[in-house]
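Order as written gives the chain letters A, B and C; numbering starts at 1 within each chain.
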Amino acid sequence: MVLADYLQLLSYGIILGSILTLGAIGVSLIFGILGFAHFAHGDLMAVGAYAALTVVVGLNWPIWAAFPFALAATAVVSLVIDQTLYRRLRRTAPVILLISSFGMALILRSVIQLVWGSQDRVYESGIQLPILIGGVAIRPNHIIIVGGSIVLVALLHVFLRHTRMGKAMRAMSDNVDLARISGIDTERVIIWTWILGGALAAAAGIFLAMETRLHPTMGWHMLLPIFAAAILGGIGRPYGAIAGGMVIGIAQEMSTAFWSPAYKPAIAFGLMVLMLIIRPTGLVGARR
Amino acid sequence: MSLLQVDAVYGGYGAADILHGADLAVEPGQIVVIVGPNGAGKSTLMKAAFGLAKVRKGRVAFEGREITNLRPDQIVRLGMSYVPQEHNVFPSLSVQENLEMGAYLRRDAGVARQMEMVFEIFPRLAERRRQAAGSMSGGERQMVAMGRALMVEPKLMLLDEPTAGLSPLFAEQTFDRIRDINRRGIAILMVEQNAKQALAIADQGYVLAMGRNRHGGPGRELLADPEIGELFLGG
Amino acid sequence: MIEVSGFLGYAVFFLSLAGIYGILALGLNVQWGFTGLFNIGIAGFFAVGAYTAAILTTPPSASHLGGYGLPFLAGAGAAMLLSGLLAVAIGLITLNLRTDYLAIATIGIAEIVRLVFKNEAWLTNGVRGIPGISRPWDAGALGYLGVIVAALLLVYLAIERARRSPWGRVLRAIRENEPAAEAAGKNIFRFRLEAFVFGSMIMGLGGALYAHFVGFISPEAFEPLYGTFLIWVMLIAGGSGNNRGALLGAFLIWLVWSATEIFTSRLPAELVTQAGALRVLLIGLLLQVILLLRPEGLLPEHQPKVKPAPQSKE
């Protein structure tokens, strides 16, 4: 392999990393605020991807026009799941939420399969011509994915740093009891967490579908890398998730130069395990 | 009418009561100190007053209004704030953000003014307003915690062992700050292990043991009482 | 050799799988019910057990490692051993962290086990799978049901005994109140590891029994999620912490699952491909309903009424 080949893999890694980052941020936010690992998050990504497909096919809209609709729809789905199910289970142990979200993952996946069947789908058929930059082939979709992720992360940053609700979210993620004592309405913070987590998951799902294809199991297969990314970044810390997502994405793609691509998930797992051994609190920060 | 009135409160966290008929009163502008042996229920009494522990029997009133078992955020609105003993700052938030969270319930223009007042009391916080609270020393963190609780412009502030784990010098300074705050008209109810120092600045003191009051009286009287000195203040 | 057919044949088939699921549910009960360890990689341990038994007991083959033609009991023993070793590796890394990490790690292990079995053809013949795994002792279907029931009984008795032993009491103490157990001088990590390994070995045994039951295994057969999920629903429905509950749950949920298959197989042809999804959806909803309405399950774990008060985070 020559340098250009590695750069090509690096570019794929950045694309995958962008997608993982969006998913991992949601997982991390939810973990920080609600204290449980949300196992339905991958399937929430699939919900977003299929919500966009519904608009693309149903209304014959281009994917960019379907994008905001799918984000909103997925945010609503997340909220409904939380308010009808998770909210009632919150009163018991957090680990019950873990089981429930595991079941929810399968429910979402089955509903997708019932509605859309289990064949592969794409938003638009036809091949995009790549542009060659320094021997690296880049398709317009790649630029949309990476650019879109950067915009979304920047928006999230502004929200978390500069709005009252965003700061309350970080506060609650730091210390729920103290947030309550300070008079923060924790139920509202939870609602916003699902709105953000759901919308970002939808964006990740749509980007993933643009890069590959739609399939009911697409989300489940992302669950391990997403959690690996969140753990690498120190779960509960949305900013760490960015670093974690990029590391996992790049590592997974670069590994294909040495190993069978079939073992990509194993790379994510290996990095996660390594992290759990040497530094369970993640790359940045100190939180269990 | 007392600012805070706790009458014969029984309660705790679960099936078994921790408090067995505790009484307490804080008058406007006073400093009131609770002392007592470890595990006596001092923290629990404070939490019961603030809606964080369950009051099974008895009554808590703030400015004559019953607040028994209200939620903390409802109690904060009435003008009472609370600084827990531990984990009392948001570590990943900056000093300024910590203070903003203290004022979460307020949307009026007074917030900026109040923050200036906090910075006046704790000039050190002004210097470090952009620093993450988690990266500060124990003494500085205690300042952030008190600052956060001041942001609602409380009439009464509850402090749970504000000098725990601080060096004698820092503890001394913290007591000074507490008096400073009190001089601005804010009543203080605090639990303290440094009983002698705390009672020395207290208008009123209570000795709590086994979940109920054993003695009460002006701080200096309690200090002077040889029996109390022997039993609870380590001679 | 007696072969059975018709309704009786179906009943034997049904009960054999119910028995294997019962064993898996008991294994999960040791981990989750007794100890509070969250394993969603059951399929991984199950597959390791199944493949170990297959490779060791089949006659020599050019298409995969072995086979070594070893007796059934040797295969089953090795299946338990290897599943146990896998559990040791995972446990050493994750058991002193929050249970969420264990959950994620087990997802990862199950996935990697599946990938290895799918891609390492020299070992497992890849997607073409391993055929010709015969039942032991020339048993017929009915005879093998006897083997499964005997194994189930042994596992049940062993676990029930463990539950009543001081060891079992310590596990419960850890689950209920970790700080108190730690203060009492218990090595929490070691107890957790033992429970995790014990449960995983039972799952490995389940895998071995399964391999000999179906006679042919391939990575396809370990639809990793559905198997794992079904076992979780069985345990939660039956009553986690209660061994009889685990067995009752395994039987009932397997009944529901099989009944839905009978129902969905009558659907018009164009809907049949969707049937699997519909069944999973129903079971998923069933789980949520149980969690909401009867989280303790049909046969709750018997324990004294006074629970320790919930620890505040402070």
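Keep in mind that, in the parts below, a contact is a pair of C-beta atoms (placed from the backbone, for glycine too) under 8 Å apart; a residue touches a chain by one contact, two chains touch by 3 or more.
Everything quoted here is computed from the prediction, not taken from an experiment.
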item: Chain nearest the global centroid, as defined over all protein CA atoms shown; value: A
item: From chain B, the most remote chain by mean C-alpha position; value: C
item: Inter-chain centre distance, chain A versus chain B - centres from mean C-alpha coordinates, in Å; value: 42
item: Distance between chain centroids, defined by C-alpha means - chain B, chain C (Å); value: 53
item: Interchain centroid distance [CA atoms averaged], chain A/chain C, Å; value: 30
item: Multi-partner residues of chain C (each touching 2 or more other chains); value: 312-314
item: For chain B, residues contacting two or more additional chains; value: 52, 84, 87
item: Contacts with two or more other chains, residues of chain A listed in rising order; value: 177
item: Touch list for chain C against partner chain A, complex; value: 36, 38, 40, 93-94, 97-101, 103-105, 107-109, 111-112, 115, 118-119, 225-226, 229, 232-233, 236, 273-274, 276-278, 280-281, 283-285, 287-288, 291-292, 295, 312-314
item: Touching residues on chain A, where the partner in the complex is chain B; value: 164, 167-168, 170-171, 173-175, 177-185, 237, 285
item: List of chain B residues in touch with chain A within their complex; value: 50, 52, 71-73, 76-77, 81-82, 84, 87-93, 97, 100-102, 104-105, 148, 152
item: Contact footprint of chain C on chain A as seen in their complex; value: 31, 36-37, 39, 85, 88-89, 92, 95-96, 98-100, 102-104, 106-107, 109-111, 113-114, 117-118, 176-177, 216, 220, 223-224, 227-228, 231, 235, 260, 262-263, 265-266, 268-269, 272-273, 276-277, 280, 288
